[in-house]
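These notes open a run of structures that come right after.
Next, two complexes with subunit A in common: one pairs it with subunit B, the other with subunit C.
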Partner chain A sequence: MVIKMKQVTMVEQMKNNLETSGFFLNCKIPMGYRTVFPILQIKNGSLCITFPYLNYQTTGEVDKTLVFPIKYAISLELPTEKITGFEDFEYNEKFETVDFDKPIGYFRHDAVKKYNRTEYDGLYHELMNEYDKVIHALLEGGAYGFSDEKRMSELLQLLVEPFLLPIYQTIDKSFYNKYFVKG
Partner chain B sequence: MAHKISDTGFFQRRTEADAPRNGNQENEKTKAEPLKIGNVVQTILADSKNMLNAAGCPSMAADLEQLRQSAGRERFTVAVVGEFSRGKSTFLNRLLGKEVLPEGDLPTTAVMTRIWYHDREALMAFDKNNKKVLERALSQESWEGLVAQNFGGEDFQGTVLAGVKNEWLRDWNVELIDTPGAGDLSETRAKVVGEALLGCDGAVIAVSATAALSLSEKLFIEERLTAQKMPFLMLIITKLDLVPKDERAQVVGYIANKLKSWNMEIPIYIPYAVELSEDTYQNITGMDKVMDEIAGWAACVEREKLVETWLLGKTADILKNASSALTEKLLLLEERDEKKRAEQIAAKKQQLAKARLAWGDLHLQMQRRCTNCYQLLLSQIDEYAAKITERLQYELSHAGALQRWWREDFPYRMKMELTNMAVSIDAAASKQIENDVRWYCISIEKTFQSHVLYQKETIVDKHMFEDVEIGGSVEVEDFSKQHTAIKIGSAVLSVSGYALFSAMGFMPIIATMGIGTGTTIFSERFFKRKLEEQRNMLRDEIARCVPILIEQSMEDSEKRLEAVYQNIISEADKTEQAWLDAQQAAIDGINASKSDESMEEEKKYLKSINEQIMHINALLQAT
Partner chain C sequence: MFHFDNLNFDFDGDGVLDSHAEFMDSNGDGIVDYAEIDFDGDGNADAVFLDSNHDGAWDAGMIDSDADGVLDTELFDADGDGMMDTFGIDSNGDGVTDTYHTELDTDHDGRIDTIMEQYDYNQDGTLDSQTIYHDGNYDENFEEVVKMHDSDGDGIMDTAVTYQDFDGDGNEDLVITEKLTGAGLHSVETVAGTYADDLGNFNPAHADMNRVCGEPESAMEEWEYQGDTGRCALYAQKFVIEELTGTEIDMEELAKLAQENGWFSEEGGTPMLNMDRVLDYYGIDSDMSFHNNLSDIEECLEAGGKIIVAVDADEIWYGEQDDLFTPGDGANHAVEVIGIDRTNPDDTMVILNDSGNPNGCGELVPLETFLDAWEDGNCQMITCMNVCAHQG
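Showing the complex of A and B:
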């Protein structure tokens, strides 16, 4: 039997590095929180990646896992992966109306219900590859054309839970406008 | 070293809609034309003025004319505002390229100084009645008697006009206004700022890098500028050279972030070329950038629209007062019997006098409500203080390393608690104020058919706790090292006991165990007692310092609350005066020998005024 090893993308590797770092262990993100699709930003001329963290709570029912608002975000500067920011949105004025203890929707949302586990994983992996392409293009001048941008936008619009979009928009308007605004 | 990205705008969605509207972008280098009010608005103003004159309201017609004239002023007016000693005059001198205005460490500007382009450089002062009281050649000495006295003398009251031969002023048709410091204690000088801002097209907010963006500055920007819908705003950072070079960029970043966190989209500029540790802010540094931004404002096409909307709103207000007064007048005229009519007029005058008293009473009640609101806040604060103390004492009772908890966890937890408290109290205060404003509006509307506008203000601000010093003066000793030392000591004692007793021929093991266990029990008891003492001491310290910290942080809240209520009351004052004047004029203007025809005419005027109000409202809704 041949076991096919899953290829780990650069972004996934960064996430793994982050979550096994001393900083992550000490930054008191409660257990049960996990990262969702990251946000890419250019701050002071440097490329940064922000991993948002939120809480999922299983209910025992299929497609009824409760999703809570994004509460934490950790930013890394690339390519050094130096941690440049940690934020608890509960203490951010922009999120003062958000009740972080109240679920805002279910996983999986309607648009992805039609996919089985393998298909969903495939799309997820494809999106991670698109992230890698952007990073590669910006850091090393790699290829990233209109078709890539379009595909990344499609995948993000499909996979990100729609009820999380206002939070993505608040975290970074530019990334939101580029990839989540249709048309 | 950070890897710099060449395409910094990669994540910007480059659509036409996102294109910059105005500001320091490429401005068309055309001279700012005198403001042209559109034909529709011009016609409305002229018609309204004629209607008011015909209806026997000449004073209101004159008010309207004054409005039209102030809106149609020739120059683009920019006021330079900020708290005192923020370098406003210095900034203007640098912009003009010469020492026009006096500068100093103490508040120097006592009057509103208007700076225009003039071929002949001169200084003119006008008193409160707009009468020219002096004219001097422009020099630093010519300001004598016009700057703030600060040492007991009386300030000059009026306006100073400085004619300066400056090409930029001429080319862009800009008028600059230097104002006294906003945080000045003198009420007269504070009033001057309000007057200067009235009818300004834009404002430059001067903020010192050495004391950047205090809460009162935030309040000033919110109340006087953003709430008043000032069309164009920019913030300049002065005195950046007084900050150590490697901290300058941080100060600029701090100001930018602070504005962002307050949801204020105000462009920032550094007017003087200072050396910064990084070149990120090059595109906002330099007087030329500031001048370009102002020029961009002056050439902005939206400027006319903004002024027109403002004009229409003000015209509608004047017409509403006239309509209300005319209705009263007609009711009186309908009475045919001379004697009865005279009685009714006397009764109306009495009613008006009563109305003045009623208005005063409403103001007093509103002030009482302000006190009640503050009392409510105080009682809530007391409750919070008790809860916070209880929570922190509970956490303390479970903390293992007391020193660490006191030094690291306590300040953090305290800040979090204070922040949460601020949010809750602010929400409660806002609710209370909204209730009071609603009551005030209903009462006024019932009696006087007017209304008061209220803009939400923040009473207790989360940010006010950022500078609170937490930690107290209590020093907590760390016992853990001593504890370990004692443990080692008891082990050493046991070993030496073993050696000693075995040499003496006694039962060494039992003796060693006895010494070891005894020392351990003794030391454990000792440390437990010490820890308990420390815990009690900290518990007392928490109970002592939590209310103090809360009190310190809430110091400004009373003043802020008073300011909010005072704003509402003074807004009503303006409406009151206009309403009362209109009513008085209507009663005074009743001619006892009015014929039926003239009454019909009055009715016609009233009808046309009401139609005009509807027309303006429709236009305002459309815009």
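Showing the complex of A and C:
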């Protein structure tokens, strides 16, 4: 048997720590919800990371996996990973017009249809590494340049499903403006 | 009935009434609640209006749209906001209203953002189809169109097709077909089941039982298919309870119990925290843990224990297809692990009672596939060793 050694980034480790914690279990997020690309925020001088959760429903047909709206978010303060917030957007008036039980798009969206599983995973982990670089730079003054920021922006614009962008914009306009607005 | 006022008009002075309007205050509260207007002076009402709740605003009416002397179009206030927003038409003139058109301004910004069209094709008084045009982001483009209809003619609209145009180019970017299951619930129809066609099933006759860990043969007797429900965690617990107690559990009663206690919902399924609540209720001593490995499973099975795990079912059912995958990772399904089969040492199989696969009784999953799918749920596992005295 071949054991695959998976390189785990700092952000993915945070997610794993969160999802095996008593807090996460008590949030009672239904099984099947998974986190998508997190949002970095500075709140009162502290660096925070917010993990959005949504549901993908596989239909068995290529490029017809149903994507549902982001419904939950959990925020952590870094580097302590102290939980600073949990939100169910169904009870947030900014999302009053969203029907969380209805899919809003398909995976894979047009921009990533050309990437197979291995290629997509490669881009996914490259983006997770970019998150690690920003966090490292902000917390410990690690090296971070314009090219890093540009690459992170490119990857987010490529990988985040376009129909999720209004939700990202509503959750955090600064993060949206920094990474998703082109030009 | 108190007649509030009558107005007669002879615009050209020829002595013939051109128009006649009659207003009434039926309950004598000083507010007009009924109006009847004969625009053409032919003695027949062309429009009548009613303020049924006496709040000073017309909330229903009838008009003669084609001036044939017959009131043929209903008007009413569907959302009760004091504005008449819906008209009903008798499209074939048989005296029965069969078509309704509604325009709503749901955010009260002065612009119509929702339009509904409803039809009673066979004119039996029950709507057969409905189309809703929705401008959810209030940009004056109707980016979502939902068409509902009664597919089997039983008088109940049971199918909804949603068309969404994300980029506003006028072409649909997404089409979703849903089965309406009553009371506003809807389930998305799955497309062309590719459920685990290549996965085999455990057969003791083909296995070296000295190389099989667990008691898969007896466990398989308790397997059931969950159908088009989100009850996987309930089924996994049901299997374990029946194996350990020998008592048959009725799934509908179990689902009702879980719903009443908030452990499960038909729409949302079961949160991870609640994956052992039914076990507790039935007096099964259980323990939930994360970051386990294969030897933890084998030790438990060898000791006669039962195991429920959370997995990414897509990896089990659809395998490692290059073009069929989901971003990130996470568990979306609960199954019972009922054995490990090492009959072929080079091809170890994990044996599952998988309620999500119609062929999931003793489902054989290659070890590597199982481990990948299990890892996505952080190798979570519920172990059940025995039955406590207490129940309920």
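By our rule, the second predicted complex is superposed on the first by the 179 of 183 C-alpha atoms of A that agree within 3 Å, B and C clash if a C-alpha of one lies under 4 Å from a C-alpha of the other, contacts with A are read in each partner's own complex, and residues count from 1 in each chain.
Everything that follows uses one rule, which is that contacts are C-beta pairs under 8 Å (C-beta built on N, C-alpha and C of every residue); 3 or more make two chains touch, one makes a residue touch a chain.
Predicted model only: the values in this text are computed from it and were never measured.
Colleague: Thinking of the overlay built on chain A, is A:Y91 touched by subunit B (first), by subunit C (second), by both, or by neither?
Modeller: In the superposition, A:Y91 touches subunit B alone.
Colleague: In the overlay, answer first, second, both or neither for which of subunit B and subunit C A:F163 touches.
Modeller: After superposing on A, A:F163 lies in contact with subunit C but is clear of subunit B.
Colleague: Check the residue A:Q41 against both partner chains and state whether it touches subunit B (first), subunit C (second), both, or neither.
Modeller: first
Colleague: Of the two partner chains, subunit B (first) and subunit C (second), which one does A:A111 touch, if any: first, second, both, or neither?
Modeller: The answer is neither, since A:A111 touches no partner chain.
Colleague: Should A:D63 be classified as contacting the first partner (subunit B), the second (subunit C), both, or neither?
Modeller: After superposition on chain A, A:D63 lies in contact with subunit C alone.
Colleague: Given the superposition on chain A, which partner contacts more residues in subunit A: subunit B or subunit C?
Modeller: Result: the larger residue contact count on subunit A belongs to C.
Colleague: With the two complexes superposed on chain A, say which partner A:V8 touches: subunit B (first), subunit C (second), both, or neither.
Modeller: In the superposition, A:V8 touches no partner, neither subunit B nor subunit C.
Colleague: Report for A:K28: first if it touches subunit B alone, second if subunit C alone, otherwise both or neither.
Modeller: second
Colleague: Once the two structures are fitted together, what part of subunit A is touched by subunit B and by subunit C alike?
Modeller: On subunit A, no residue contacts both subunit B in one structure and subunit C in the other.
Colleague: Which residues of subunit B touch subunit A once you look at their complex with the stated criterion?
Modeller: Listed in rising order, the residues of subunit B that touch subunit A are 2-5, 7-13, 18, 261-263, 278, 280, 416, 419, 423, 462.
Colleague: Would you pull the subunit A residues touching subunit C in the complex into a rising list?
Modeller: Against subunit C, the touching part of subunit A is residues 1-2, 4, 16, 19-20, 24-36, 56-66, 97, 101-107, 116-118, 120, 124, 159, 162-163, 166.
Colleague: So in the complex, which bits of subunit C are touching subunit A?
Modeller: These residues of subunit C touch subunit A: 136-137, 162, 164, 166, 173-174, 176, 186, 188, 190-195, 232-233, 265, 267-275, 290-291, 310, 314, 317-318, 320-334, 348, 367-368, 372, 378, 380.
Colleague: Which part of subunit A faces subunit B closely enough to touch in the complex?
Modeller: Where subunit A meets subunit B, its residues are 40-42, 44-47, 77-80, 91, 93-94, 96, 138-139, 172, 174-175, 177-178, 181.
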